[in-house]
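Take a look at the structures below.
Two complexes, one shared chain (chain A), two partners (chain B, chain C).
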Partner chain A sequence: MVRWLLSGDYPRGLALNLGIAAIVLALLFAPFLFPGTRALNTAATICIFIVLVASYDLLLGYTGIVSFAHTMFYGIGAYGVAILLQRYGASWGAVFAGLGFGLAVSVLLAFVIGLFSLRVKAIFFAMVTLAVASAFAILASQLSGLTGGEDGLTYRVPRMLTPAFRLMDEQLLGVTMNGRIIAYYLVFVVSAVAFLVMMRIVNSPFGRVLASIRENAFRAEALGVRTVVYRSLASCLAAGFATLAGALMALWLRYTGPDVTLSFTIMVDILLMVVIGGMGTMYGAIVGAAAFILAQNYLKDLMGHMAEATAGIPVLPDLLHPDRWLLWLGLLFILSVYFFPTGIVGRLRKSRQA
Partner chain B sequence: MSPVPERSAGTGLSHPLVERLRAAAPILTVPVLMLLALPATGDPSAWVTLTLAGLAMGMMIFVMASGLTLVFGLMDVLNFGHGAFVSIGAFVGASVMLWLSGLLDPGGVTLHLAAILPAMIAAMVVTGALGVGFEKIIIRPVYGQHLKQILITMGGLIVAEQLIYVFWGPDEIPLPRPDALRGALVFGDVAVEKYRLFAVVLGLAIFLAMHLLLARTKIGLLIRAGVENGEMVEALGYRIKRLFVGVFVVGSALAGLGGVMWGLYQEVITAQMGMEIMVLVFIVVIIGGLGSVEGCFLGALLVGLMANYTGFLVPKLALGSNIFLMVLILMWRPQGLIPVAKR
Partner chain C sequence: MQGDAALATEGLTIRFGGHVAVNNVTCSFRPGTLTAIVGPNGAGKTTYFNLISGQLRASAGRVLLNGRDVTREGAAARTQAGIGRAFQLTNLFPELSVRENIRLAVQARHRRGLNLLSMAESHGDLIAEADGYLEAVSMAHRADATVALLPHGDQRKLEVGLLLALEPEVMMFDEPTAGMSVDEVPVILDLIARIRAEGKRTVLLVEHKMDVVRSLADRIVVLHNGYLVADGDPAEVIASPIVQEAYLGVGASQHV
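== the complex of A and B ==
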């Protein structure tokens, strides 16, 4: 059963097994283990980012394509759901229509971008996606009639997912069973299923072909693999999963705006999560997303304390200012590209083999 | 095997004029775009203003993009961190300008004109020096690995952007232009903004200097040879790595200069400006053909003109139009306007 679920691709390594298990269990019981809105919000964000990061890993780690348009697809998913929920009221029909619409747009866009840039040179793809994504972000903020512009959209989600909805009257283990818990488990289950589907994809013959393109595109071509087709397919698949993640985020946040979906900062975050977690290992997405988002939410507090503690010294408090946490993660990113190109997961696996 | 050369095969139309037109086609794109915009804007004086604005913007983008394209051509290194030099140059330049203006003209509201040249030199020196370090620490370990290059230079960009926040604070810095570079010269009903004229002249001077350096000097010859076939240059006994460091440093310094020019153009600088400009720079470099300075120049002019024309005609499509331009040109010439002959 477990083998079937994980498609025969185990984390490998004791520390890794325990770590992954701990993260998954913590996420599974998050509403009961860590009560409070902030903790639940963090847990849901981790779930969604695991899908987003894993889908990016499908491109970067498995196929060896660098794309900077991943947030665009994420944003399309979020805006698809948001716009339909706002226009046609809080119904499940609107949610699914929005998701379907978003998926169609994303996959089509990914296909067109791939068609233009994947044929020429792999390095073009990075630049073209960067340009297209930034144009899309500007477009989204300018079409304010549809997207709400810079302010974004606030909307109501189906009643089942709101705090006002009560699943049962009594508390369960001291937690009020309201619609937010249902929303959290919806996010959790969809994320888990999406993750397992991606595991299946990368461990299928299709996934092996992608890896062969990453390792040596020329040789893969010589063996009769139509690399352009496979690269485009991988890019469409990744776009689809990113759209799904965006739709989940829209449902969870009940707000969609350029800053939370389309900004380049999120693209950088995704990149950091993939590389720090481990490229080319789906489990890297779990480790990377969990570590990064926890750091994002709690490292700032720690750095704030450290900045206060070093207040007398010249530059140091500025370096330790809570808003500068990205500086440290950026350094960690550079170091990990040098020394641990396979990230935390690859590192832990290797130490087991040695 | 047909003994007939490929060119004269096909249509019987290979008239010398057609051939020459075909060779000049990339260069002709710029005047063609200008002429197309003339009826579209409908108003000659608006057209002159827009064209000058477009040329000025194009020149500034060229200054920033030229280093990137040469670095790529010479060493096959794609530096996503190039934008960091733009930002850092702008901030260093701004600091120098504000400091000098305070000295020269205490209590003045705008910057002092005499402060601009020292600021540009300071920005170029600092970004050039940073370029040496960046090349050593960030780029050298990942020669020949595109994926790692993209990732690591991106990391460099993130760190550089954050360091700007550390040293200059999170707020944007206003840069009021000196009065001498404000306002416009009016000829009849045509207004020519002074700073744009200044930017065009400076950009043109840099392009000409670069062109002369590449076309007429021994170093230029080596650089061009290195772009075409680096191994052969090495085999002939030249240290291409050293050449590359030099090009990288000059490219970084030009990016810094471009940052100062852009900052004065916008009259405000932010830490993210480098990243924002990188989008345009990449479009330019792709349109021009990776590695080609002339192509980069043409691409920059096209992008600048296109951005200003569409900004006037259909403001909502300003950046989208450049993507459209890129797609159009890639469909016509998949390797860019002036492709570089690679071995």
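== the complex of A and C ==
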């Protein structure tokens, strides 16, 4: 059963098993373990980013394709749901129609980009994705009638997912069972299923072919593999999962704007999460997303406490001032890339065998 | 002669700028035979191979597989059609295991690569087949090793194993024993001799060692500066003045 769920791809290594289990259990019981809006928001963001990062790793780590258009597909999913919810009111029909519409647009776009540019050099593909993604971001901010422009869209989600909805009157383990809890578990379950499906894909015959293309596309061709077909398909799949992540984010945030979906900052964040977690390992997405988003959300607080604790001592409180959090975040990344070039997961699981 | 050829090239030519690496080579290969292609370095042997297996596109001329023109097809399509190729410079999937390298070739032949939702490990038949080819190139004991960490000779054996796993109608070996240690060479030569004895495949072999060529080949084709300069029975070709001059050069006859 576990083997079937994980597609025979275990974390491997005691530290990794424990770490992954801890993160998954923390996310599973997040509403009860870490009550409060902010904590729940962080947990939901981690869930969604695990899907987003894993789908990017499908391209970067497994197939060896560098794309800068991943946030575009993420944005298409978010805007698809947002636009339909805003226009046609808070119904599940609008959510599914938005997701379906987003998926269709994303997969079509990914296919067209792939068809035109995956045959040629990798750098050319990367540049094309960058250009298309930039054009799309500008388009989204210009078509303000449809997308709300720079302000984005605020909309209502199905009532079942709102704080006003009560699942039961009593509290459970001290937590009010309102629609936000349902929304969180919707995000959690969909993310978990999407992650497990991606695990299956990378461990399938198809996934193995992707790995062979990453290793040596020339030789893969000589084995009779039409690499452009596989690359295009991988690109479409990754786009589809990113779209799903975007739709989940739109549902969770009840707001969609260029800064939370299409911005290049998010693209860089995704890249960092893949690299920190470990390229070419699905578990890397879990570790990378959890570590990065926790740091992003709580490093500031931690530094505030440390600055207070070191008050009196010269220089240190200034260095630890919460405003310097980006400096420390940057330092943490440099150190982690330097010491774990294969990512945290790559470091903890040594797979090469002589 | 063209009619019953498994593989044929007609006026095959490729130009790189002003340099003509393969020049108007017309040659056909009968099914079940082993043809050695010899010639000095830079004669165009590997380029000729690349033109046949599709890594390079011809500037002029045609490649025919069982009479069908495959000149416009890419490498993948030609492999699927039955032209298999082992490379002179080792060309493997370095970060994957030995078994996985072979398994990928078997999987490609069975065209199961587009299966997204089953576990690769559950296709036991492919793994079992792959293990058979590992035995054939005496690499079974290294099945789980990562290819990048293997000694050069083992990588060469794996290179041949990949070609076997494709079970192609036409097998092209490009200096299969280059860089192998003395005790590893017989493994591969015996294998090629067995393939020839079975008579089911059309084998093309680029090889420098003349004793190997003499014992294995049904026929020798000599390339020189991109031209086909001699073609025929091994003993005759080796003895012909043009080969003595063009390929073996002065003072090399004792090597023969």
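Rule of thumb we're sticking to: the second predicted complex is superposed on the first by the 310 of 354 C-alpha atoms of A that agree within 3 Å, B and C clash if a C-alpha of one lies under 4 Å from a C-alpha of the other, contacts with A are read in each partner's own complex, and residues count from 1 in each chain.
As a working rule, a contact is a pair of C-beta atoms (placed from the backbone, for glycine too) under 8 Å apart; a residue touches a chain by one contact, two chains touch by 3 or more.
Keep in mind the model is a prediction, meaning the values are calculated, not measured.
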Touched partner set for A:L223, first chain B, second chain C, both or neither: second
Chain B versus chain C as contact partner of A:A164, first or second or both or neither: neither
Partner chain(s) touched by A:E215 [first = chain B, second = chain C, both, neither]: second
Touching partner for A:I138 - first (chain B), second (chain C), both, neither: first
Comparing the two partners chain B and chain C, which touches a greater set of residues in chain A: B
Partner chain(s) touched by A:V2 [first = chain B, second = chain C, both, neither]: neither
Which of chain B and chain C A:N203 touches, first, second, both or neither: second
Footprint of chain A on chain C - complex, ascending: 53, 55, 74-77, 79-80, 85, 87, 91-97, 100, 103-105, 107-109, 112-121, 123, 144-146, 148-149, 162, 166
Of chain A, residues touching chain C in the complex: 7-8, 200-201, 203-209, 211-212, 215-216, 218-227, 230, 233, 351-354
Touching residues (chain side chain B, partner chain A) in the complex: 78, 80, 138, 141-142, 146-148, 150-152, 154-156, 158-159, 162-163, 165-167, 170, 275-276, 278-279, 282-283, 285-286, 290, 316, 318-320, 322-323, 326-327, 330-331, 334-335
Interface residues, chain A side, partner chain B - complex: 60, 64, 66, 116-117, 119-124, 126-128, 130-132, 134-135, 138-139, 142-143, 264, 268, 271, 275, 315, 318-319, 321, 323-324, 326-327, 329-331, 333-334, 337-338, 341
